[in-house]
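Here subunit A shows up in two complexes: once beside subunit B, once beside subunit C.
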Partner chain A sequence: MAEVRLDCLFEACPIPLIKTMQRLKVLNQGDVLIVETDHSCATKNITEWVGKQKLLCQVVEVSNGEWEIYIKKVR
Partner chain B sequence: MKKVKIKKDQSAYFWFFSFFALILLFFFGITSPYLGVYWLFGILFGFVLQKSRFCFVAAFRDPIIAGSTSLFRAVLVAMAIMTVSFTLIQYNAIQGGAIAIPGRISPVGVHTIAGGFIFGIGMVIAGGCATGTLMRIGEGFLMQGIVLVGFLIGTLWGAWDYPWWERVFISKSPTVHLAQYFGWTGAVLFQLVLIAVLYYIAKKYDDQNNILL
Partner chain C sequence: MKQKIIIGPWSYLTGAILLAILNTLLFAVMHTPWQITTAITYWAAWILKFFGGTPENWHYFANSASRSEGLSQHFLSNNLSLMNLGVILGALLAVLIASQFRVKKIKSPKQIIAALLGGIIMGYGTRIALGCNIGAFFSAIPSLSLSGWVWGISAFIGAWIGSKLLIKYLL
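Showing the complex of A and B:
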């Protein structure tokens, strides 16, 4: 049950999504990935993609224009 | 877990800029009624783009990298609405005795494909097309400021080279207006059926493709 942070600050689409894909692939089942981003569109396309993979995901706006996306690799 | 910082209250900025925009609307409106309408539509478009996260780049990029066509389908829906409403505007103008069909009807040819290809490469690298870039600058994503500088240079350069394209390709290409070939009803039906088919293919593609890098 590791918790991994992924720094995607100042990165534009599609880099946050691709980094998320690559990192999720090497994680074990049950791990939580926290993607930090300041790109509003990344919250949209990452949550959509994660939903399609049937993983759990939650977006928290930690500061003005800065988001953390919590993704649990349930399978 | 990182502690959630206390967010700044930004409503004061909102009211200040809304008031500023209203004053500008008034001044544009008394200068020329069209300017006021342009200003109002510009603000409303920006609002819709920001709230809906509508992104033309993602619409054409995400089907390939993530297998998701939700934004692509949104573009198709927008085109379907546009087809009907623009046909109504053009039809009414022609019935009202206008000589030229209103709207930007430009010649189509090799230059369309070349331009689309170059623009496509540029927008994926930059992470935003024209509307997306402007919307994200307004939102506060500063990286797009660099894109805006590039965008301005590119636009000026494009305007500089335009006469060459005009002479070599554009003047020789045909201008196609579907209503001349199928009639008004036929053109609308043809385009709507085409969009519906594309929508169906996009939905199937979305359901079948689950890309995991």
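Showing the complex of A and C:
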């Protein structure tokens, strides 16, 4: 049940999404990935993709224009 | 309500409908659909003129009445230039109202090289393709111009190659 942070700050689309896909692949079931981003489009395309993968996810705006996307690898 | 309209991202459908309505209105008022990169070319040419260059002698400007007229205008008198200014001010206003404005830092030298190389290739590309994804694609297809479809297919191939390069060099 590890918690892994992925720094995607100052990166533009589609880099945050591709990095998220790659990192989730090597995580174990039950792990949580926290994606840090300041790119609003990333919060949309990452949550969309996570939904299609049937994983759990929650977006928190940690400061103005900066988000953390919590993704739980439930399967 | 506020969360949904001002802060949250809109759906692609909402965006598509709004863009279609706004571009139609723009065409009705300005007699030209939305375009971006021609004005950016003027911006660059005006800067060059300011420093003593003579872009008015270039084939690109000299052989076109509308382009030489554009070149003789300035930042706030040219319609296309004002359109771009509107896009920038509108985007700034939207991000300020949503309180999401941030100054982005540069993370690595790779980003600088990619931005400069990408900008040069895109700028050159828009001149030989006679427009960007807005003027030569988004505005061309509703004008029933075949060139818009050719542009779209070419951009699809270019984006595919670009995404391969992005994964190889930028990730």
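To be clear about the criterion, the second predicted complex is superposed on the first by the 75 of 75 C-alpha atoms of A that agree within 3 Å, B and C clash if a C-alpha of one lies under 4 Å from a C-alpha of the other, contacts with A are read in each partner's own complex, and residues count from 1 in each chain.
Note that a contact is a pair of C-beta atoms (placed from the backbone, for glycine too) under 8 Å apart; a residue touches a chain by one contact, two chains touch by 3 or more.
Predicted, not measured: the structure shown is a model, and the values here were computed from it.
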Which term applies to subunit B and subunit C once both are placed on subunit A by superposition, clash or fit?
clash
Using the touch definition from the top, say if A:Leu9 reaches subunit B (first), subunit C (second), both or neither.
second
Quick one: is A:Gly65 in contact with subunit B, with subunit C, with both, or with neither? Answer first, second, both or neither.
both
Between subunit B and subunit C, more extensive residue contact with subunit A
B
Contacts for A:Ile18 in the overlay, against subunit B (first) and subunit C (second): which applies, first, second, both or neither?
both
Hey, what residues of subunit A end up touching subunit B and subunit C alike?
10, 14, 18, 22, 38, 40-41, 44, 64-65
Parts of subunit C lying in touch with subunit A, wherever the complex brings them together:
9, 95, 99-102, 104-107, 111, 163, 166-167, 170-171
Contacting residues of subunit B [partner subunit A, same complex]:
2, 4-5, 7-8, 10, 53, 55, 57-58, 61-62, 65-68, 70, 124, 126-128, 136, 139-141, 143-144, 210, 212-213
Quick check: in the complex, which residue numbers of subunit A touch subunit B?
10, 12-14, 17-18, 21-22, 25, 38-41, 44-45, 48-49, 52-53, 60-65, 68
Along subunit A, where are the residues that touch subunit C in the complex?
9-11, 14-15, 18-19, 22, 38, 40-41, 43-44, 64-66
